[in-house]
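In the part that follows, the structures are each spelled out as C-alpha cells.
Each of the next two complexes has chain A plus one more chain, namely chain B in the first and chain C in the second.
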Partner chain A sequence: MRPGFVAVALLVLKKDLAIEFKSREIVYTTLFFAVACVMIFSFAFVMEQGVPVEGAAAGILWIAVAFSGTLALGRTFERERYSETLRALLLAPASRPAVYAGKLLGMILMMTATEIVLTPLVAFFFHAPFFARPLLLAALLGLGTIGFASVGTLFAAMLVRTRTRDVLLPILLYPVTIPVIIAGVRGTAALLQSPPEEPVATLWIGLLTAFDVVFLTLALWTFEPLMTE
Partner chain B sequence: MKKLFVPLAVATAAMFAAAPIAIAKADYESTMLLVQKIFYFHFATWMAMTLAIAICGVASVVYLFAGSKIADWYAVASAELVVVFGLFGLFSGSLWGRKAWGVWWQWDARVTMATMLVLVFLGYLMVRKYGGPGSEKLAAAMGIFGAATAPFVYKSVDWWRTIHPQTTVMKTLGEKWPGAWYLVLFCSAAFVLLTVLVLTARVHLEAMRSRLDDMYLAAED
Partner chain C sequence: MIDFHDVRLVDVSRHFGRRRAVSHVSLTAASGDIIGLLGPNGAGKSTIIGMFATLVAPTSGAVTYGGQPARVLGGELRASIGLLAHELYLYPELTARQNLAFFARLYGLQPSAAVGPALSAAGLADRADDEVASFSRGMRQRLALERALLHRPRLVLMDEPFTGLDDAATEVVRARLHALSADGAIVVLATHDLDLADGLVTRVAVVRSGRLVADEPAAPGLRARYRSMVGN
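Right after this comes the complex of A and B.
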C-alpha cells in the first residue's frame, strides 16, 4: 500500500530535520548570513548621530529573511544532489507533491528558526517596536515565509539539475516573490507606526494569504511535471 | 494563418499609419494637454502586453503538462513580446509621469508591479538562455508563475493607496469622452494585431530552427 500524503510529507520532513539536527549546518550558516546582512544594512541606514533612518527596520528584517532564505534553499537541495539522494527520493513509491510538501515544511521550519533569532535582533539594533502587536507581526512573518518558501522550494528543486543553479535561483525567485516581500515590508512598517496602523497590517495579511494560496496551489500542481525528466 | 498573414500585416501597417494622424487631430485634454496623447499608445501597449502574458501562461501550462513543442514556441515568442511591450509601456509611462507627477519615476503600486512583471519575463528568457539542456521546462514554471501574478498587478491599483489612475477611469471614459475612447480602442486593436503578427513570425522562426536541428541530427547519423 502506498503511504498517504501526510505520512510521506512528514517522513521527508523527519529525514531533513534529522540531518539538520546532526550538522546544524543550514540553521547556523543561514543565521550568520542574516546577521551579516543586518550589519551591512546598518552602514547604509544608520546616519551620523547613530539613529537609523525611520522605517528602515521593516525593510532590513525582510531583506535579511529573503536573502538568508535563498541561501538555505540552495543548501537543502545541494545536499540532496551531492549525496545523490534526490533520484532516490523521486523514485520512492510516493506522490511527488507529498515530497514537495515535506521539503517545504522543512524549509519553513528552518526559516522560522532564523526569524525567531533575527526579529528581536533587528528590534534591538534599530530601536524598532516590533513587539507592540506580536500576533500581527507573527502572522505577517509566518505567511510571508510560507509564500517565499513555497515558490523557493519549487524553483530550487527544479534548478538542481542545471549547472548555473546558484545564479539562476535568485534571478528567478526574487521577481516572482516581490509581491510577498512588498506585502511583508509594508505590513511590518504599518505596525512600526505609533500608534500601530492595525487595519493596514490586516489588509496586507489578507493579501499575503491570497498570494500563499495561489503560490502553493501552483507549486503543488507543477512539481510533478517539473521534476519528471 | 499563412494565407491571412500578408493581408493582416497590410491592415496593421495601415492602422499604425492612421493612428498618429488620428491622435494628432484628437482634442486636447484640459489638464494634461499635449502629453495626454501619450495615453493612446500607453494604454494600447499594456493591452498587447496583457495578451502576450496570457498566451505565455497558457502555452507554458500546455507545454508542461502535454509536452507540446509548438506550445513552447508560443511561450518563448510571447515572453519576448512581454519584455518588449513592457519596456515600451514603462518608457511611455515615465514620460507621462514627468508631466502628471513631476518626476520621471515614481514608486507607486502599478509602476512597481509592472516593472516586476518585466523582470519575471526577463528571468524567463535568462533561464532559457543560461539554464542548459531541459531549461524549457524551468522557463515554463516561470511563465506560469508570472501569468498568475499578473491579475494582482492589475488589481494593485484598486487595493493600495497609489497615484496611478484607477482602473475605473477606463470604464467611464466611453461616456465622458467618446472620441478618446474610440481612439484608445483603435490603438489597442492595432497593438493587439501587431502582437499576433510578430508572434506568428517568431513562432515560424522557432519552427524553422527546430527543423534545422532535426536535419543536423539526421545528417550526423
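Right after this comes the complex of A and C.
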C-alpha cells in the first residue's frame, strides 16, 4: 500500500535525521555559526561594565536564528543536490507536498535545536529575562521558526539546481520573511519589558500564526509545479 | 500501479531559455522494446529521458502513457516508472540497505521482501551494511540500478547505465535488460557507447542537436549507420 501524506513526510524526516545522526555536519556547523554570531554581537554591544545595550537582545536572538537557519537550509539541500536525490524523491509516487513537509519538519527540528542553545546564551550575555514568560517565548520562537522554515524550505528546494543558489537563497528569503522576523523581534522585545507586555506579545503571536498559515498554504500549493522543470 | 503498453512522445519540444534542447521529437516505445537512444553529448538524450520520466515538462507537444497524458494519470503514474540517471540518486551517508529500504517504503513496498533480493541482484549482499560513500563507482552503479528496478516498473529509463561497470557487471546488466524486455517492460536506454548498444537494443533512435534523425529497428552494423547519420 502506498504511504499517505503523513507517512511520506515522516519517512523523509527520518531519513534526514539518520543522515544527520551519522554526519552531524549541519547541527555542528549551524550551532557553531549561531554561537559565533551571538559572541560577536556580545563583543559589540556589551559595554565595559558588562552592561549590554538596552533592547538589543531580541534583535540579536532573531538575527542569529535567521542566519543560522539560512546556513542549515543551504546545507540540507546541498545533500539532496549531491547525487540528485531530490529528483529521486520527486520521481516517487509519493505526494510531492509530503516530501516538502518532510524536509520542512527536519528544518524545524534543526532550528529548534539551535534555538534551545541560543536563547539561554543570549539571555546570559545580554541580561535578558527571556524566561519570565517561557510559554509566550516558546510560542513566538516556534511560530517564527515555522514561518521562516516554510518559506526557506520552498526556496532552497527551488534553487537546488541553480549554480548561484548560495547567493540567491538569502536574497530571496530575507525580504519575504521580513514580516516573520519583525513579528518575532517585536513580540520578544515586548516580553523583555519590565513588566512583560503580554498583550503586545500575544498580538504578535496572532500575526505570526496568520503568516504561518499563509506561507505554509502557499508553499504546499506551489511546491509541485515549482519543482517540475 | 498504472499499467500501459506504450509510451509516446508526440511532437515534443523543450526549450531552456533560448536554447532548444529538444525540437519536435515524436517517438513511440512499446512493451518489450529496448530502445537505444543514441546521440553525441548535448544532443538532448537526457532531456528526452527526463520528459519520459515526468521530471521535465515539454514546452510543446505531449507525452502519453497508454494514450493518456501524465497530468491525467497523476502521481500514481510515477510508480510505473524506474529511472537510472547520470547521477545515481543514492544517499552516500546511508548504507546500501538503508538506501533501498528508504526507497522501498516510499514506493509502498515491504522492505523485508524487497531489499534482500535487490542486494543479491546487485551483488552487494555482503556489503549491505556499508555506507554507499565507501563503494566504488561500479558498486554504486549496480546498487542504483536495483534502486531503479525495486518497484518492478513498466517503463525503465536508463541514462548511460554502463558507466563504471566492469565486463562482468556489464553482462549482468545486459542480461537484466533482456529479462525486463521479455517480461513486457518498455526500456529506453540513452547511451553513446555503440558497442554496448549493439546486440542489446531492439530499436534505435538517433538524436542530434535536439532533433530525431533516425528511428528504425536495430540491425547489425550500428556504428556505421550511426556515423552516417551523426558523423564522428
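The definition used in the following text is that the second predicted complex is superposed on the first by the 227 of 229 C-alpha atoms of A that agree within 3 Å, B and C clash if a C-alpha of one lies under 4 Å from a C-alpha of the other, contacts with A are read in each partner's own complex, and residues count from 1 in each chain.
Here, a contact is a pair of C-beta atoms (placed from the backbone, for glycine too) under 8 Å apart; a residue touches a chain by one contact, two chains touch by 3 or more.
Everything numeric in this text was worked out from a predicted model, so none of it was measured.
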item: Touching partner for A:Pro175 - first (chain B), second (chain C), both, neither; value: first
item: Which superposed partner A:Met39 touches (first chain B, second chain C, both, neither); value: neither
item: Contacts of A:Val53 with chain B and chain C, given as first, second, both or neither; value: neither
item: Contacts of A:Val117 with chain B and chain C, given as first, second, both or neither; value: neither
item: First (chain B), second (chain C), both or neither touched by A:Leu154; value: first
item: Partner chain(s) touched by A:Arg87 [first = chain B, second = chain C, both, neither]; value: second
item: Partner chain(s) touched by A:Arg96 [first = chain B, second = chain C, both, neither]; value: second
item: Partner chain in contact with A:Val8 - chain B first, chain C second, else both or neither; value: second
item: Chain A residues contacted in one complex by chain B, in the other by chain C; value: 229
item: Residues on chain B engaged by chain A in the complex (per definition of touch); value: 64-65, 112-113, 116, 119-120, 122-123, 126-127, 130-132, 134-135, 137-138, 141-142, 144-146, 148-149, 152, 159
item: In the complex, chain A residues that touch chain C; value: 1-3, 8, 11, 15, 18-19, 22-23, 79, 82-85, 87-96, 228-229
item: Touch list for chain C against partner chain A, complex; value: 50, 53-57, 75-79, 81, 83, 85, 87-94, 98, 102-103, 105-108, 131, 147
item: Contact footprint of chain B on chain A as seen in their complex; value: 151, 154-155, 158-159, 161-164, 167-168, 171-172, 174-176, 178-179, 182, 203, 207, 210-211, 214-215, 218, 222, 225-226, 229
